[in-house]
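A short write-up of the structure that comes next.
Chain naming follows the written order as A, B and C, and within any one chain the residues start at number 1.
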Amino acid sequence: MPENMPEKKSYIGQAWLVIVLAFCFGGALAFVQTTLGPKIAENKRNETYSVIPTLVPGAATDRTEELVVEGADGRDVRVYKAFSVTGEHLGWVLPARGQGFADVIEVLIGQDAGLETITGMYVLAQKETPGLGDFIRGEDFQSRFAGRPAQPPLEVVKTEPVEANQILALTGATISSESVTTIVNTAVANLRDVLATHSGSHAPE
Amino acid sequence: MSDQPTAAERFLNGILPENPVYRQLLGMCPTLAVTNGMKPAITMAGATAFVLIMSNIIVSLIRGLLKPHLRILVFTLTIATFVTIADRFLAAYMYDMSKQLGPYVPLIIVNCLIISRAEICASKQSLGTAVADAVGMSLGFALALASIATVREILGSGTWFGINVLGTGWPAWGIMVLPPGAFLTLGLLLGGAEWFGKRRSSRAQTG
Amino acid sequence: METVSSLILIFIGAALINNFVLHYFVGICPFLGVSRKIETAFGMGLAVTFVITIASILSWAFTYYILRPGAPLPVWVWQVMGGAEGATVDLSVLSYIMYIFVIASSVQFVEMYVRKFQPKLYTSFGVFLPLITTNCAILFACLEIMKHLQDPTRLWGLHEALALAIGGGIGFTIAISLMAGIREELDLADVPAALKGAGIALIVAGIMAMAFMGFTGVDRGVEQALAALIGR
């Protein structure tokens, strides 16, 4: 039918610009992805890797291994096994997340190779109250976790701590402090058994 | 075609008389979201400027080939591509800022300012005028973001660009860096801009 | 049961605690532009919820199967074309383009539906219905879903994406209806001339945002209550 033929032709005729642009832009994006992709992936990696030496003292970033293990709650977790420059297994870095006061808090927990001490804690992401709860990402609060025993579970106190497993709460941010402590306790207990099976110094060449 | 604004007019228009935020009320979402500090505000203004200028260039170059009922599609495709490029660039070279700005960089795609400039100016005028328009609007947008961010950052954290300006005695008005502070600041500054504009025009009438 | 509790948390989070308009600043343009009368505002809220739901289903499906790093479909195509075993294909650079086209299509679809089945509503919306395409809230919902499809150990299913999208849409509806109710009263009040219109609306929004900040910590309480319920 004569009416349909010109219509069909004009669909492509009208859309040719969009198609050509799609190809050009697609090519541009592919170029951007190939050039910038590796840089972005490296940035993401460094977010975690650059903190590992602070969490596990003596660890060498370029000798860290990544493992995906299944926690006691049945969920997979990507953990980081920290080695020294000589290949000695120094400790573990566990990512953990949980509900804070305002929103989800993401942390990294450092543990020694024997899983007996918590060697450090670092807050990756939080949205707590500015000026109160968001001091959990300060050096002062994070250092309160270094050198604590992994068992019994840590507890938060508002006065000067007496026991080894007590953490002093932040003034005016008790719930944020308790949230972080709960996240640490849960993650440590969740991964204790499975990490013990992966211990050992067999550093990658 | 001679009744269309010239390049110089387009450029000056975008800075104050037709300021994207204070006059046209466009691009509210990033205006409120990233102005809790000067650094994110300027970064966002830079990213928007990049997308606006590139989009105006491309649209102006192909303006003779645009079919009327497909032009919005073409605009959207162009803008989305450049926003992706800007977003990737930030993630590669300013990673911390990229994380802080979060989803607001891709939201530049739905910033009505860019599509409206493509529709009103770039699709109808030559390359030079389109670029002037884009640069003017970008400056106006940056000015608006900077003015709001200055108020919010100084009152909310006592800093400007991260440098402490109010000394340690100032109790930071935390609310200013939170959502309510954004709305209140923009509302009051808008009122201020309206008031100045009315005074100017009534002076011009009586003078 | 744990899934249901996490869905409830995502829903309440998106609707009340992290309200799309008052906490994330998305959807401001219709929030200021369409909030003069309660009926129009409520209708706009429902239209946005409708579009968000469709758009989020489509964008979840596209992201899960095609766009995310390691998605199954491009890997299959790659292997069919003779690529290496065990390669991961990352098409996420096309995400934003994909989302905006999904949103534009969803709005077209909703527009056709409303024009056919609710012609009165269609005329009262006027130009604002196609403008939903530029509503930041919908793209924001898609971006949030994409954020939760990046980590292979913690991928969101369609149910979680829907909980976020519908929660966000309902939150937007609540915010815009509240604003319309207040503005109907404001029309009779003595507002200073410079603040009339957008100025006073933003100040009211600021006070509303302050009120909604009171919801902070509610998800913690709800989580504990639900955990106690499940544990029982």
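Quick notes on this one:
Just so we're on the same page, contacts are C-beta pairs under 8 Å (C-beta built on N, C-alpha and C of every residue); 3 or more make two chains touch, one makes a residue touch a chain.
The model shown is predicted, which means the values in this text are computed figures rather than measured ones.
Overall, the chain located most centrally, as judged by its C-alpha mean against the mean of all protein C-alpha atoms, is C. The pair with more inter-chain C-beta contacts, choosing from A-B and A-C, is A-B. Placing every chain at the mean of its C-alpha atoms, the farthest one from chain B is found to be A. Here the CA centre of chain B is 23 Å from the CA centre of chain C.
The mean-CA centres of chain A and chain B are about 33 angstrom from one another, to the nearest whole unit. With each centre defined as the average position of its C-alpha atoms, the distance from chain A to chain C rounds to 26 Å. Annotation for chain B: residues 73, 77, 81, 84, 88, 178 touch two or more other chains.
With touch defined as above, residues shared between interfaces to two or more other chains in chain C number as follows: 93-94, 97. Multi-chain contact residues of chain A, defined as those touching 2 or more other chains: 25, 29, 32-33, 37, 129. Residues 22-29, 32, 93-97, 100-101, 104, 133-136, 139-140, 143-144, 147, 192-195, 198-203, 205-207, 209-210, 213 of chain C are the ones that touch chain B when the two sit in their complex.
Interface of chain B with chain A (complex): residues 62, 65-67, 70, 73-74, 77-78, 81, 84-85, 88-89, 91-93, 95, 156-157, 172, 174, 177-178.
Taken in their complex, chain B has these residues touching chain C: 25-26, 28-29, 32-33, 73, 76-77, 80-81, 83-84, 87-88, 103, 106-107, 109-110, 112, 115, 175, 178-184, 186-188, 190-192, 194-195, 198.
If you check the complex, the residues on chain C that touch chain A are 18, 90, 93-94, 97, 153-154, 216-217, 219-220, 223.
Taken together, the chain A residues at the contact with chain C in this complex read 25-26, 29-30, 32-33, 37, 68, 75-78, 99-103, 129, 175, 179.
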